[in-house]
Amino acid sequence: MSGTSPTPGALELAAEVRSGERSARQAVEEALERVALHDPQLHAFVTVTEESALEAADGIDRAVAQGGDPGPLAGVPIALKDNLCTRGVRTTCGSRILEHWHPPYDATVVTSLRAAGAVTIGKTNMDEFAMGSSTENSAFGPTANPWDPARVPGGSSGGSAASVASGMVPLALGSDTGGSIRQPASLCGVVGMKPTYGAVSRYGLVAFASSLDQIGPFARTVRDAAALYNVICGHDPCDSTSLPDAAAVDLAALDDGVEGRRIGVLTELVDEMAPDVAAQVRRAADVLDRAGASVVEISVPEVRYGLSAYYLIAPAEASSNLARYDGVRYGLRVDAPDVARMNAATRAAGFGPEVKRRIMLGTYALSAGYYDAYYGQAQRVRTVLIEAMGRAYGEVDALLGATSPTTAFTMGAKTDDPLSMYRSDVCTIPSNLTGAPAISVPVGSGEDGLPIGVQVLVPAYGEPLVFQVARVLEDAVLSTS
Amino acid sequence: MAHVAKLARLDLTPEELDLFTGQLASVLGHAADVAALQLGDVPPTAHPQPLANVLRPDEPRPGLDRDEVLAEAPEVDDHRFKVPRIVGEAP
Amino acid sequence: MTPVAPAGDAVPQGDDVEWESVIGLEVHAELQTVTKLFCGCRNSFGDEPNTNVCPVCLGLPGSLPVLNRQAVELAMRIGTALHCEIRPSSFHRKNYFYPDMPKDYQISQYDEPINVGGWLETAAGDRVGIVRAHMEEDTGKTSHVGAGKRISDADHSLVDYNRAGVPLVEIVSEPDIRSPLEARAYVDELRAILVATGASDGRMEEGSVRVDANISVRPKGVEELSTRCEIKNLNSLRSLVRALEHERERQVALVSAGGKVVQETLHWDEAAGRTVSMRSKEEAYDYRYFPEPDLVPVDPGAEWQREVVAGLGLLPAERRARLLAAVGDERDDAAVDQVRTVVVQGLDDLVTAAVERGAPVGLALARVANEVAARSDGGVSVDPDAFAELLTMEAGGELSATQAKTVLAELLAKGGDPRTIAAERGFEAMSSDSLADVVGQVISENPGEWGRYLEGEDKLAGFFIGKVMGATKGRADGKQVAAELRARRG
C-alpha cells in the first residue's frame, strides 16, 4: 500500500502515548490522514468523526500531561462497525431505514473503549443489519477488499476488516452472528475473533439474531486483538445474557505455546474447501505439531446441519428484532393514510432485498403450523450440535479448520444466488450456534495471492487457549516472511 | 407468501413476491435435511449458556432526555409521537 | 320471539329451556413496583408525555431487557394468594404491530408461566378456578385526534410511551363463573387480594385493573362448552355486570331463534348499553410466539417461595372474618356489606386500629365504609389516633353524626386534630335541654304535621328531624331528635 505508512500496532502505540513519547493527537491525526487518502477507494467508512476524535485525543494528552493514565488503549484510533450505538453519531447499520438515525445512548462497549482511552474515529460499512457475507448488501455501496478492489472484503463486518487490513487503523470492532468477523478477517488477511456468547455485552449492539450475535475485535496481530478483547469483555448488568464471570486473558501468557495440547483438524472444515484453503489448514496443523501439540483428525458430522439450522434460527430472530423499524419513533418514514400502510411502505422502501428475504424466511419459520418443523427443529439441532462438539472437546482441546471455503470472491459473483452466499458461512456458523469462541488468523495466501485465514475453535470460556494457539500460528507466518 | 408479507408488514411487489417465493423454497428445500431428522426427545436450545435468574433491583435509573428522543422522531405533536390514523384495534 | 330476561341466571323460554351462562374472566393487573418491568424507568402516573422513557422501554435499536426482581416477588405473591403452583418460568415474544408497542412485540409468558392452576373463593363462597397468572409488559398509550374521539373517526393518533414497560400480571380464570353477579364478586375478591398482597392498588376505574370477559351460553345440564365471545373495554364493575347481562341475552336470543354464535371480540359501549363487534376471532392472529432470546429463565427456588408465603399476611377472606368477629353481635347485612367494602379497599387495618384505641367497632366500621372509603381512592388516609378520638367524641355525644362527618372530611383532606377542628367550627353537640326547646319550637310551627304524626304517620318523623337539623344548622343529633319526638308522642 502506497502513501502514508500504515499504523503502528495498538499496544505499541498506547505505550508511546501513555509515556508521553507520542501524542494521542498525532496518532489520531495520522489515522485521519490515512482514512482521507485510502477510504475514497475502499469505502470502509460510512461516517468519519474527525472533530470528536481530535477532541478526545486532546483530552487524553491532557490527562497524560497531568500524570494520569488514560488506559491500556490510550490514544489508539479505532473503527466501530455501524451497528454499534454511538450517542449523537449516526448509526445506520448499513440501511436506508436508519440512514439518519442518531442514537441517544452509547453501547456498553463504546463506553468501555472510551474508559480505556481508545479514540473512535468513525463507523464502518457493513451488510445491511449484518445480513450478508460480502458487505455488498450495504445500502451505501460496497467496501473494497484492500488486497484487490474488485473483490469483496467479506461480511458483514467488511468495513471494519478493511479498515484494519489497509492500515488505516490498528483496531476495529465488528459483530459476528454467523461468521461476520472471522470470515472478513480471513478474506482481508487480519486477525478476527468471536468471543464466547455472553463474554461481551450486547447492550447497544443493534440486534440481528439475539441468541447468536457477539461483538469482537479486529487487529493486525493476535496480541492487539487480545488486548482489545480484554477492554470489551466482562459482565454488564444491562444485558441479561451477559456472563457473570467472563474474564480478560492474561497477555503475558499469550506466548505460552501449545506444548502438550491436543488439536483436532475438523474434517468438515477441510473437506469441500478450495484446495489452496485446505492446504493452508494442513500447513497450520503441521506448525502446531512441530510446536509440540498432538494433532489428530476428527470428524463431527453434526456440523453439517449447522448451515440449515442457522438459516432458520437467525432469520426467525431477525424477523422479530427488525419489527421495530416501523417509521413511528425514529428512522425513515414513508407517509400513508393509515399507520399500517405507513409501516409497510416504510419497510418496503427502507429495507434492501437481503433483509426482506430474511424477514420473510424468518416470519415463515415462526408462523403457525410451521414453527415445530422449522424453528423448533432448528433449536433441537442446536442442542445436538452442542452435545456433539462437547464430545469432541472430550478428545481434543481445540479444533482447527478453514474460516472461509475460498479466498475473496469478486464483487457480484454471488449476489444473484443467495444460497451460494449462505454457503460461505459453513465453517463459521457452528461456533455461533454453540456460543463458543473462535478466531481467524491469517496464515498465507491462496493461488490468487489473496489472503487465507485459518480458524481455531475452542469450548466456551476458552479465550486464553484460542489466543495462544493463534499466536503459535502467527509466529510461524512471521518467521517465514 | 402474501400472507407472510402481511404478518411482516412488508409491501412487496409481485416480482419480489415471486422471487422470494422461489428463493425461500430453495432455502427450505436445503433445510429438508434438518427437517427430516428424528429429534423428538431432544430439548431445544434457546440460550447457548445456561444462565437463570438474572434480576435487577427495583431501583430507578436515569432515563433519556425527551428532546433528544423526540429529535429523532419522524413526526411529533404535543411532545408525542404522531402517526397517521390507526385502523382497527390491536390484534 | 325475544325472551324476557328476569333477574337471575337462567332465562326461561317458551319451550322451557333453561340457559346457563358460562363465563371466564381475564384480568390484567398493574403491579405496584417502583420501576418498570425491564428497565429502571419509574412506574408512575401523570408525568409529562415521553419524559419517563429510556432505550429499553422505547425499544431503541440495541436495547435489552433486564427483569425487575420486585415484579417477580409480586407475581409470586399473587400466585400464592390464588393457591397456584409457582413454577420455573420463561419469557416469550408475542409478535404483532401496533403503534403503542415500542418493539412491535410484547415480552410475555407463553407456555411456561410463573403461576399455574389455583382457585379463588368469592365473598359469597363460590369457588372459581384459576388457569394461570403470568407476567408481561404493558404498552404505551395512544390518543386519537380528529372528528370524534373514537379510534375509527380519528385523523391521526399521538403516542406516549411513559407507561410502556409497566409490569402486568394477567390472571386467567377457568370458565367457572355462572352469572354476571358472580363475575362481579370474582373481580371484587380478586381486587381485594391484589390490594392485600400489596401487588396492585386494584383500581379498576383508573385502569390498574382491567377486565376482559368471555361468555357463552348453553342449556342447563349440557356439559359441552358453546362458542364464546370476548368482551373488552369494561371499565367498571357496573359495566362488567351490564355487559355480561346484555351479551347473555343476545346469545340466548340468537340461539333460541335457531342461530349460531360467531366467535368474536366485542367492545362494550357503556353509553349505548350494548356490545359492538370488533373483529371476528375466526381469523385468530398469528403471534408467532418464540422464546425471548434476550432473557433467561426464572427459577425462584424453594427458599424465595417460602419467604413469599411467610410474608404474605392476611388475605381478604381472613380479614373479613377477623373484622366480622370483632363486630360480633352487631353483625347484620349492613355490617357484612361494610366489612366487604372496607376489606376490598384495604381499610380494615384502620378500623382495627381505631378499635384498639377505644373506638366502638360498629361506628368505626360504618364511618370507614361510608366516609373514608369513598374518599380514599386517591390514596388519602387518616391518622388512626385522630380517627379514634373523633369516633370517641361522637360516641360520647360530644358531636352529632353530621358534625362528626364534617370533621372527618377535614381530617381526610388536611389532617389535624379533631378537637381543634370541632372547636374551630364551633361544633358541640346540643344539650338535651336546648334540643328539647328546638323540637318544641318546630312542633309549634308545624301543628298540622304534628297532628298527623300523633295519629301515627311515623314517616313525618323525618320531616321534623329535617326541620330541627335546619334550625340547629346540623348540630342536633338525628337519633336524639327521633327519640324526643317519640317521647312527646307518648
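Should a chain be cited, it is by its letter among A, B and C, assigned in written order, with residues numbered from 1 in that chain.
Operating definition for what follows: a contact is a pair of C-beta atoms (placed from the backbone, for glycine too) under 8 Å apart; a residue touches a chain by one contact, two chains touch by 3 or more.
Small disclaimer: the values here were computed from a predicted structure and weren't measured.
Participant: So which chain is farthest from chain B, going by the mean of the CA atoms in each chain?
Facilitator: Farthest chain from chain B, going by C-alpha centroids: C.
Participant: Identify the chain pair with more contacting C-beta pairs: A-C or B-C.
Facilitator: B-C
Participant: If I average the C-alpha coordinates per chain and also across every protein chain shown, which chain's average lies closest to the global one?
Facilitator: Chain nearest the centroid of all protein C-alpha atoms: B.
Participant: Hey, how far is the Cα centre of chain A from the one of chain B, in Å?
Facilitator: For chain A versus chain B, the centre distance works out to 23 Å.
Participant: Return the distance between the CA-based centres of chain A and chain C, expressed in whole Å.
Facilitator: 55
Participant: Taking the mean of the C-alpha atoms as each chain's centre, how many Å separate chain B from chain C?
Facilitator: Computed value for the inter-centroid distance: 37 Å.
Participant: Return the residues of chain A touching two or more other chains; collapse runs of consecutive numbers into ranges.
Facilitator: Counting only residues that touch two or more other chains, chain A contributes 101, 104-105, 211, 237, 240-241, 323, 326, 328-330, 339-340, 343, 363, 367.
Participant: By the touch rule stated above, which residues of chain B touch at least two different other chains?
Facilitator: 7, 9, 44, 46-47, 51, 54, 56, 64, 69, 81, 83-88, in rising order.
Participant: Could you check chain C for residues that touch two or more other chains and list them?
Facilitator: 55, 58, 66-67, 97, 99, 157, 159, 286, 288, 293, 295-296
Participant: Which of the residues in chain A come into contact with chain C in the complex?
Facilitator: 83-85, 91, 93, 98, 101, 103-105, 107, 202-207, 209-211, 237-241, 316-317, 320, 323-324, 326, 328-330, 339-340, 343, 363, 366-368, 371, 375
Participant: So in the complex, the part of chain B that touches chain A is made up of which residues?
Facilitator: 1, 4-5, 7-12, 16, 20, 23-24, 26-28, 30-31, 33-35, 37, 39, 42-49, 51, 54, 56, 64-65, 68-69, 71-75, 81, 83-88
Participant: Hey, which residues of chain C end up touching chain A in the complex?
Facilitator: Residues in contact with chain A: 55, 58-67, 93, 95, 97, 99, 102-105, 157, 159, 286, 288, 290, 293-296.
Participant: In their shared complex, at which residues does chain B touch chain C?
Facilitator: The touching residues are 7, 9, 44, 46-47, 51-64, 66, 69-70, 77-91.
Participant: Taking the touch rule as given, give the residues of chain C at its contact with chain B in the complex, in rising order.
Facilitator: Within the complex, chain C contacts chain B at residues 33-35, 39-42, 48-55, 58, 66-72, 88, 90, 96-101, 139, 142-146, 151-152, 154-161, 232, 265, 267, 278-279, 285-288, 291, 293, 295-300.
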